[in-house]
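Next come the structures, one after another.
One chain, subunit A, appears in both complexes that follow, with subunit B as partner in the first and subunit C in the second.
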Partner chain A sequence: MAATSPSKRRLQKELMSLIREPPPGVHVDGEMVGQNLTQWIVYMEGAKGTLYEGEQFQLQFKFSSKYPFDSPEVTFIGGNIPVHPHVYSNGHICLSILTEDWSPALSVQSICLSIISMLSSCTEKKRPSDNTLYVRTCNKNPKKTKWWYHGKKGIILYILYILCSY
Partner chain B sequence: MLLNFCDPRLRPEIKCSTISTEGYEVTNLINDSCKGFLAYSCIKPPVHIDITFLCNIRINHILIWPSVGSQKSSGFQLYCKNTNDCNTPYTLLSSGFLSPSDAGLLFYPSDIKPEKIPAPANFLKRYIKVWIGHLTSYAHVLRITICKTEKSVPALGKIEVWGTVSPRCGKDIVANVYTLWSKHEAVLSLSTTEYKTEITSAKTTDNRQEGKTKLEIPESFKDPITLELMTQPITLPSGNVIDQATLEKYGRNEAIWGRPLSDPFTGIVFNEHRKPIMATALKSRIDKFLLDNSNLNEIKSIPRVLGHASNSAIAGDRRIIEVPKCVLNKNLLKRTVEDAKLEACKQTMDDYLQQTKRYCHKLPTIVVCSKQSTANARERSEQVTKISNSSKLVYNNTHNHIRDNKSENLIANVDSSLDGNVKSLLLNIKRFNAPEKVELHNISSECKCCNNSILYKLPCKHVICRKVLLSIENSQCKSCGLFYKLSDIERIHNSILNR
Partner chain C sequence: MPAYPLFDDVHVKFGRQIASLQNKEFHKKMNGLIKAACKTEQTVSSFLTQLQLLIGEYMCNTDTKILVPNFDTIRYFLQELEEAVQHLPEVLVSSDQNLNIIKLHYRDVSVTLQRCNSAEYPWKVIASDLPNIPIFKDFEKNVTNLSVAKTKFIWQMEILEKAWKQLEEIDENCWVIDPLKPNKSHLYRRIHLSQSLSVTITIDPLNPIALPVIKFSGCDSEVKRQTDDVSNNIHKWDYDCSILENLKMLLNMYEFPEQQESMEEKKAIINNECGICFSDELPDKICNNKKCMRYFHSVCLSKWLQTDIGNQVVFNHIYGPCPYCKEKISCSIEH
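Here is the complex of A and B:
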């Protein structure tokens, strides 16, 4: 398959490397992704020795044509969304590299590793404190949310950007 | 559907027990070459030719064309085995001995009716006994032994092994083989009806192979972020090499977040000491690579650079060459030389300079005749020297049409010093087809009436300064009287002249 646009070429390569040498507990359905390179489903397993051991999660990646200069849209989907202070019940993840701190040098693999490490470092399974309000009011696209990252303290505040104002 | 397992698309492997005549290698039998196989002239039968197929096959029939030119083999034996293991012995399937009237040989399992096989005329038909059917339906390696020849070297014009993938093979193998074959079909349908002639088929294959050779760009030449070939590689403080364009694009995205440019790999902001540097060595390697592959279409679409800001003069060179072209005008030469002859020069140099102080513009223009020389470089260099000898300085006095009143002495003095310069410069020049560039150095960019003036070139090739140009009201060159259009005036960039 000839990947013409730069983003396709890059995605193709990332897919190949993810299939060939995935991080532990991560696997991707190559055939499904092969059909539509801009939307991936990555299967993830809770790391051993953590609160999420034995749990299965699904991560959805959506790539824009500006990828890798534009960060992908990453959300948890499916029946099992991890209960985590940085993960909202609608699957949105509060992780700085997914928006502000994104760098084109990062990749799907590094996002997966970041999320695994985020889950692994969790000490108490709970939803974010503002979960109910956020889930009710947020945009479908987590990238439209202006996050206020509070690092390790685990307190997340957010300001909603309402799309209509654009 | 029957497949020819000797077709190059189905990737057979072929080996021969002996050496071959040059150009008639055994691989000709499996690569659509029409030349065929010819053993080396001193080789006597038997000659074993082993064909290994990509999977086990069920043989339907085998067609053998025994002759190459006037060389013809007359006795063949057919062996087969069902593994690629070299310890497994071959089993004799059948043999055939041709009479001079036979054009070829056909082997077929005896359970297949020979009438159904589309064999060419005058082919000797030999069957393979049923009791070895387990081999013909699961053959992996086929050995054709040339065991007899007619006073000639062992030869084999062409061989076709028709059959299907063995029913004992997995479905995936069947699918793979059919995919390979259908590629073949697609190519065949592309080539026109002329395919029947062997030569065209060979050509089709060649073209296809050429089209297939995709350019392999070394990983180190690719930008790790965009995976495209880098045209301006830069080394980041983190040690990673990326393309300048990628960094710029990254910088624009960072600017959206209100952040200064940083290393995309570490996020550390650049400063005086930590900043990206041009990867010059890599750049030259990439340029060499581009140059070596410049005939490929993929390369043609890749943007090129003409060095970075500090040596952008490469681009300027083209313009430099343009200027003297005007000077190379033959008519101009004639006119100025004649003018010079007519002139009676009465004023001294000092007088002249004094006069020019008002609005005069003393821009020496070198007049060189352009002779097309296809002779060798030595002659060329001599000619160039001659040209510069014959070059004259013409002072374009634009104020009062006194351009002609210069002394012969002046001309002579300037000429000799100029010639000296030109000659010395010419000695250092390897390319004799660009003498213009040299003379340009000698064109003074200094305008006598004004400092740092902007110079313009009129369509008549005269160079004047901005002040003088603005003083002209009727769009007529003050030197030669030629009328010009305002749109034809070209600006000469000082940077070029001063170089």
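Here is the complex of A and C:
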């Protein structure tokens, strides 16, 4: 296959390694991704012994042509969005490596591992406390959200942020 | 008695010269012949006689021009080929079926030529093991026949012989990590010096024992140390010694590190992909942090550091955090 841009070449390589050596509980539909390298669907299982055991999730990755200099857009999609304090009911994930802490050292595989560990460390299944407000007001692209990643204050700051942006 | 071979699934093919026979009407008639041959269990020879008659009849009855090869051209070409084979017999001549592509071999080097219809340049180079250097450009120029091509080929080989000898010595005594399989067209060698340093030398084929172009790749401290060594020793370059000997002197080295035999160590050196674009094309930059030592292409690293808000630019160098360990890393700004 003639992959042209460096970004496509890297994605091609990541795809091959994800198909060959996927992290436990993760698999990717290689055939579908093969047709369009810039949009991936990754299937994920809740890890054993955690609150999400037995659940199935779907993650959507969208890559811009600037990848890996630009982070991918990652959201949960499909019928089952995990109920988690950092996952909004529209599938948006509040995870710093997806925006300001992104580095080209990260990859689809390491993002998957981070999300699995984020889910696994959860002690109580609940939506973020600003879920209703956020889902109603947010941009479709989670990367457009200015996230605060520190605990409960985040809610207030997010409200302030929307108030300011109006 | 059954006819043998059978006419089932028989195919009739025509050479290019009488391809003009391939029209519908002729085909119909020919298929009729084949069917009849199947039914009546004819022998091959009687079928061919009938086919010959049909072709003859068809050629007379139609205005179709049948292309007859120009025997003069062929005779002329065969003569050229014969002369070429006798001229400089140490250069082997091989050819494809149609005598359109001629390959000249000398030792382990070859040049492939294709016959063209151009009067000025009757032979076009389609593949060559010779390096692509300015004075060898336009091999086709003044090559009026194959004998001239052979002479020119030998002449270029002789010029390069010295350069190849120098490179061979390097190949035998150093661990060359790029090109992985050096051939005669490569005039550069990237030599492994240590886990965090390699040197690329590019020699001048016309003056192979002169100081080559030297470029270090690796982590900053090592590159600096070796660059200093080179500038201290460069006045000692001895034109009577080989490149290899001179390199040892320049780099203050007694011997070059030997190639690792174990596959894993080999892999660790050669399979170092760039930590940003993940491509295998050998990276030229290594993170200074001994615990990190990730490899990058300067181009990729510079592109990433430019997106970092906290970066610093001093002259044409950019400083910022390593994408892996966040330690300070720098590289020249490349576009």
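Annotations for the structure displayed:
Everything that follows uses one rule, which is that the second predicted complex is superposed on the first by the 151 of 166 C-alpha atoms of A that agree within 3 Å, B and C clash if a C-alpha of one lies under 4 Å from a C-alpha of the other, contacts with A are read in each partner's own complex, and residues count from 1 in each chain.
Note that in this section a contact is a pair of C-beta atoms (placed from the backbone, for glycine too) under 8 Å apart; a residue touches a chain by one contact, two chains touch by 3 or more.
Being a predicted model, the structure only gives us computed values, none of them experimental.
On the superposed subunit A, the two partners subunit B and subunit C do not both fit; they clash.
Look at A:9: by the touch rule set out above, it reaches both subunit B and subunit C.
In the superposed model, A:144 lies in contact with neither subunit B nor subunit C. In the superposed model, A:103 lies in contact with both subunit B and subunit C.
After overlaying the two complexes on the shared chain, residue contacts for A:62 are found with neither subunit B nor subunit C. Within subunit A, the residues touching subunit B in one complex and subunit C in the other are 6, 9-10, 13, 68-69, 103-105.
Only residues 6, 9-10, 13, 68-70, 100-101, 103-105 of subunit A touch subunit B when the two sit together in their complex. Of all the residues in subunit C, the ones that touch subunit A in their complex are 275-279, 294, 300, 303-304, 307, 323-324. Per the touch definition, subunit A reaches subunit C in the complex via residues 6, 9-10, 13-14, 68-69, 103-105. The touching residues of subunit B, counted against subunit A in their complex, run 224-228, 240, 246, 249-250, 253, 257, 264-265, 267.
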